[in-house]
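In what comes next, subunit A is part of two complexes: it sits with subunit B in the first one and with subunit C in the second one.
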Partner chain A sequence: MPLKMTVPSLRLFLLRIIRHMDERLLLVIIAALVGVGGGLAAVILDRLLFGIHHALRAMQCRWYAFLLPACGAALSSFFLGYIMKEGAGHGVPEVIYSVCKRGGLLRLRSSFSRLISGALTIATGGSAGPEAPVVISGASVGSNIAKVFSLNDRQRVTMVGCGAASAISAIFNAPIAGMIFAVEVILGEWTPINLIPIAIASVIGTEVSRLVEGNHIRFSHHQFHASLLDIGAAVGIAVLAGLSSVLFTRLLNGTIRKSRDLVSPDWLRAAMGGACVGILGLFLASVLGEGYDVVSTVMANEYQSGLLLAALATLAKILATSITIGTGGSGGIFAPCLVFGSLGGLAYQRGLVFLWPSIPWAEGGFFAMLGMAAVMSGTLQAPLTGIFLIVEVTGSYEVVLPLILVSAVSATLCHYMEPVSFYYRDLVSQGQLLRPRTDGRLLADLNISELVERDCVVVDEDTSLREMIPVVRQSSRDYFPVEDSKTGNFLGLIRLDDIRPYLFNADLHDAVIMGEIMDVTVPRVSPFDDMKHVLDLMDQTHRWSLPVVQGNKFLGMVSKATILDRYRKELIVQTY
Partner chain B sequence: MHYTIDEVSRLLHLPVSTVQRWIRQGNIPVYKHEGRYVFLKKGLRRWARSHGIVFTPESQEAAAKNPAGDDSLVSAMRIGGVLHGIRGNDASEVLKSVVEAAPIDPSIDRDALFVRLLEREELSTTGIGHGVAIPHPRSPLQDGPQEPSITTCFVETSVDYDAIDAVPVFVLFLMLSPSPKIHLRLLAKLSHLLRENTFVDFLKRKPLADDLLSKVDEMAAAMDSSAPSSRPNDAS
Partner chain C sequence: MEAQLIHVFRNTPFGRETLLESSYFCKTLGVELVVYIPKTSKFLMYFENDVVQVDLDRSYLTSPASARDHAASIAQSAGLEPLFFEPKDFTASTLPDIPTHFDYMCCPRSIVDLSSKIGLGYIGPRVRRIVQNAPFPVYIPNPVFKQWKSLAVLFGGSANAVKAVRLGMTLRELSGYPLQIFTQLDGDDRAKYDKVIEERGIEEAFEKWTVFDSGKLKENLYEVPHDALVIMGAYGHGLIRQLAFGSKMELIQTVLPNSMLIVGPYCTV
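The block that comes next holds the complex of A and B.
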């Protein structure tokens, strides 16, 4: 190998190696690289949060402290909107959109933009989580590494999953939760091809964070002792947590809608939201920031507030998060869910003790943990992510049974009341949530220009029935498009069935011309039409074939028979 | 060793744009060779088989495009050959000697062929008039010929063939086709020739093989050129 190796020639050299490598091995190797990137993104954000938070510590005790979240949110919104020119969204839906619609393509700048905006929002006191920013950063790292290696869409999507998995694994020190989150929420499919690289990325991401930050369980606690009665009481917390998840989702969606109508400049809206949260924080400090310290205190049974204060803090955290994210602050809903889940769980335990003081209930930390799992499962509608995340961040495998129970109950309840989770809401309303091997995905992949059949024999409008006979004889199709003899514009359609009885009637041979008998009402489709629309049109008009017309010129026919053929092939090749 | 995108799109009966999209999405195994996408033949075949996708290799592709190769009348008649002096006192005897003398593919069972020809005659006569008969089995033979053949057989003395115009038959065209489609095409061509009285008169002189074939060649060429132009409007 020559010593003076330029970057393009290095890339060519790499590409040559890649070409001769087994796909699975290649994906595992690239996944390891992505895992390092995702892990670093998590570590960087963690350090940024810590740094900014400490720099501002002096100001946090002053009367004007409520302006800090306002400034942070405004700066974050300004940075994203004007410098990075990216939407204010919190990240995860963008990643899912890219997976569904763009073959996992993400911009390189997304790999750091949300880290900065997220740090600005959260470290100044905005109530949001650092997970969404690290997810989009990790995913963008994965997407761009895939681009360097010239991977195809399917492989790139796997790399996006690897990035998300490694980021979540690293920030929570929870490799299994990272894997599950990537396949359950981000990719929505579970195959041997994508699972193994994602597992590798999770391992590497976690290891990176352990090397830098040390290996410790996020919310450690001493062992819980849960009786059968506690497990029965867990159903109650599942229902309450499910209801508060629904409340949170609706409040968040409502804030997004309403605040857009009220204030139009993005930065001003974010600033006002930040100020509201800041004022709330003057009274209840636990609503500020990502709130990991609150969860730690609750889990360690050191949170001193009673029933009412805990319940109030739960509601305040839901409100603060809805305002922060709903008005355009940058951050995710993971950490807030953990905070209000744990506070809600604590309030529930205090309530139980208040009502039945003679029963030896399990301690507050146990119910707080169940509350977190139930809220996570309900809000994300991803019960597996909820279960594994909580098991890993609390290190409490011994109480996995009630954990599974509350997650299942809460997810079911939320699904019943809010069928679409917050992450998928916009995608579903725009019909963009296209999971692999679903009808929507197949129809989105097929397009008219690939399906158009161009072997029709076109006739002039003044063609007589006699002149049609040789045309019918040589054509292999039942449809004959009619064109204007001067302009060549498409006028209508002749169907063989319509003229068949008259073809053998010699009296009519010169008396009938095609311009008179063609079907001018036939709906036309454009080569850029949505397949779903075309199929609906066929069903509504009871037709099996429609003419494809572009700029008044006939291109060909599109038929249900061809659609079925291609649809099936598409379904087959999307299956491993 | 390799297929190009164009070849694969033909083999899979898909537009090139679909194959390109599949490459982009990673739905089909492909390699880059000198800046172009190529498909390993073996790998692609395995992929098609494992996905249950119908995949037509080239040789079959060519066969499907032009079933059984050349379907011109002259080449079928050349394969079938021309026989003179066929003997027999009635239709059955004549057919028997035709089947025995015809230079047909050795894989064909002559007795079975004879039985099937008789079956067809019982259904309705193949004596189409003017002393001409076109005996053929009702459906393509199981182990039938790969190439269509027409054996021209002049009988020594005209026989009563129960023809539609009751005129005794002096010539038989034994037609064996690999498929109904080719059979129909050849039959249409042959009967078109036989509509010309000059051709029937020419046949009555019982010409030798070379003369007959060159005459058919000449008439077929004239027929093609006088046929109406095939496309009144361009379909493109």
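The block that comes next holds the complex of A and C.
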């Protein structure tokens, strides 16, 4: 059979199968594919980190070792900016933006670019975690697989969640945390149609990772025994961790803001940041890299430093991570949060022992674990992700109650002091965090050009009231746009109320001219304005209708009643 | 609402020519000209099922201080008052998103490479992806401004070619210029084309229909008037067939120096 006969037939056949398949079953099958992709992304990054780290091992004991993070960050920034031509940033906000505003569309290049740039930053000693690179890679794999299957926006968004979930599940060997992260942080909605494919992707991503890397708990330890007093003391670590999270978020945001203005180009800025981290690492090696070995040491109660050094290491890690990511290094904030959370927890425990030496406090590992959960929950403002991640990476199901307590307290405190998490900062400031079924999302889905009421009768500025009366009689509207008779440009608006005082005085019918009494101050909206802006304008000017004008030409009116009618219909569609 | 054409302005002599082309297009068809003056060398376009990142060459960022004035004066010389587009949405906080709700988009044959490299017969990968995904026809102008005075549709019988014919009919109505259809049979039976024309109800456009039943397409394209706006469908046969047999649109644009309006698979006419 000729090729031109078979290929379209095969494509049509596949499309027919896809279209006739139950949506949930289809999503589950595609989620499995995405899960494999997300899992592989995590494995590849892990191998890259291992490979680069080992290749540089000999250099790490040389005098110039402090330059390694600078070289890594510069290479990472150069690769991302000049070779892959991607915008800077660690990627998670980009995934959330895509989910909120772009139906989950992500660039194909994002499926591998951040893996390489992240590996370059982290393996050379930059203080960042591998999670953000795998999240954007997994999400991009999900988005592009959805594209191949011609899925609609809603289904594609689910696949983005599947990719993120499988990547987090695989990198931490933590399927529940991956799942929760995807719905709590990335998608922002819990629906059965999302949850099942995401769960499948998480499981498959984890299995892919286990097949290649083996099945082991990342920070395994012996069982902790916590008394009621320890649980009470946990509130203190929650507060401290919450404050650390706020400090970290502000320092990171500040570094991003300031460094952009201070140094250019991007690769030089990243190099300078890397050099600072390298110098810091000369004095406190625990700030370098993703720092999982530090967490393991702390959890195993093998961390030797005392209270002051542990506290200093906590602050240094916060600073190093802010510099690395803030100056353009590639990587995430999960791992650094775990490191300074555990160090902070350990410092807190040492402080308790110092103050009340006679009380049999729980081991440092127990408080380190609480510190990790509290910092994660506070920084991400995603308490469930914090709780389940720590439970899974430490295998500590027996301490889930204090974990819940510290996560809740820390997240609440952080939300009070810093209402927007690091992931959402830019999106919120640009009005782009549009979660499903929220007012902002509903308004964003309404388009002015679809709501323009075009049945308005337009009059010239020379029209007299006598000529206006039959127009008013025939029209069902209270508003009459006035246009320039020569150019057709919009000049102003006549309201029925404006002419009512003259209507019953026949002497004035020829004297009152529309051009003289029209409202020229009426605000105009463009067909491309945001609906939120239009409604705000209506509220500020106490108007129920506004003229839609484009290039000085009147297109129609947009009214609050029509907007609210469509708003309700959209709400019904989104909540169905 | 008036139809709109988005034009990414390059503040160079080459950019002047393409803006003159766009201005002429808008003036002739009563389309509103929307000019985007890029401030960064990248922007994204989110289509229905794909996202295209356009990496502009540095010449697009030439003399930003004079760009707006230059663009305005070029458009005004054609009697147009252009709208200047300012992006509101940004991917990764830094990459501007260009909306895809426009009715036409003007793309030179490449918007990635330096204009000095652009010659006839080269379509850049970004322009190709825009054509493949755009819901609007893509206007590929002459490298040097030349007014077109007629319309020529290259009709190959595909669904996209039918859309191109419909677009040709619309433009004929808007511009008042004559419309001519060209078809290369390539061994096919003419009856096949007659059937498509009848089924799609586009007979009216085929008053002046030139059918090439012999000779090579490249040679026959000489018959297309030099001052015609060429309208044609593209990428209507699926990826695998294109990989195997190539795209006819890409072949044609290597031969014809005319301004072209390309109707892609997702284009709605």
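Throughout what follows, the second predicted complex is superposed on the first by the 547 of 576 C-alpha atoms of A that agree within 3 Å, B and C clash if a C-alpha of one lies under 4 Å from a C-alpha of the other, contacts with A are read in each partner's own complex, and residues count from 1 in each chain.
The criterion applied here is as follows: a residue touches a chain if its C-beta (ideal position, glycine included) is under 8 Å from a C-beta of that chain, and two chains touch if they have at least 3 such contacts.
These figures come from a predicted structure and were not determined experimentally.
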Clash or fit (per the criteria above) of subunit B with subunit C on subunit A: fit
Touched partner set for A:Thr575, first subunit B, second subunit C, both or neither: first
Which of subunit B and subunit C A:Gly87 touches, first, second, both or neither: second
Subunit B versus subunit C as contact partner of A:Gly273, first or second or both or neither: neither
Which of subunit B and subunit C A:Lys101 touches, first, second, both or neither: second
Touching partner for A:Ser449 - first (subunit B), second (subunit C), both, neither: both
Touching partner for A:Gly378 - first (subunit B), second (subunit C), both, neither: neither
Contacts of A:Val458 with subunit B and subunit C, given as first, second, both or neither: first
Vertex subunit A angle, Cα centres of subunit C and subunit B, expressed to the nearest 10 degrees: 60
Subunit B versus subunit C as contact partner of A:Pro133, first or second or both or neither: neither
Lowest inter-chain C-alpha distance for subunit C and subunit B in the superposed arrangement, angstrom: 7
Overlap of the subunit B and subunit C footprints on subunit A, listed as residue numbers: 103, 150, 449
Contact set on subunit C toward subunit A in their complex: 1-2, 32, 42, 44, 46, 49-51, 53, 55, 81, 83, 88-95, 97, 99, 237-238, 240-241, 244
For the subunit A and subunit C complex, residues of the former touching the latter: 3-4, 7-8, 11, 85-89, 91, 93-94, 97-98, 101-103, 105-107, 109, 147, 150, 426, 430, 432, 449, 452, 527-528, 530, 550-551, 553, 555
Touching residues (chain side subunit A, partner subunit B) in the complex: 15, 19, 103, 150-155, 445, 449-450, 454-460, 463, 467, 470-471, 474, 566, 569, 572-575
Contact set on subunit B toward subunit A in their complex: 12, 14-15, 17-18, 21-28, 31-32, 51-53, 228, 230-236
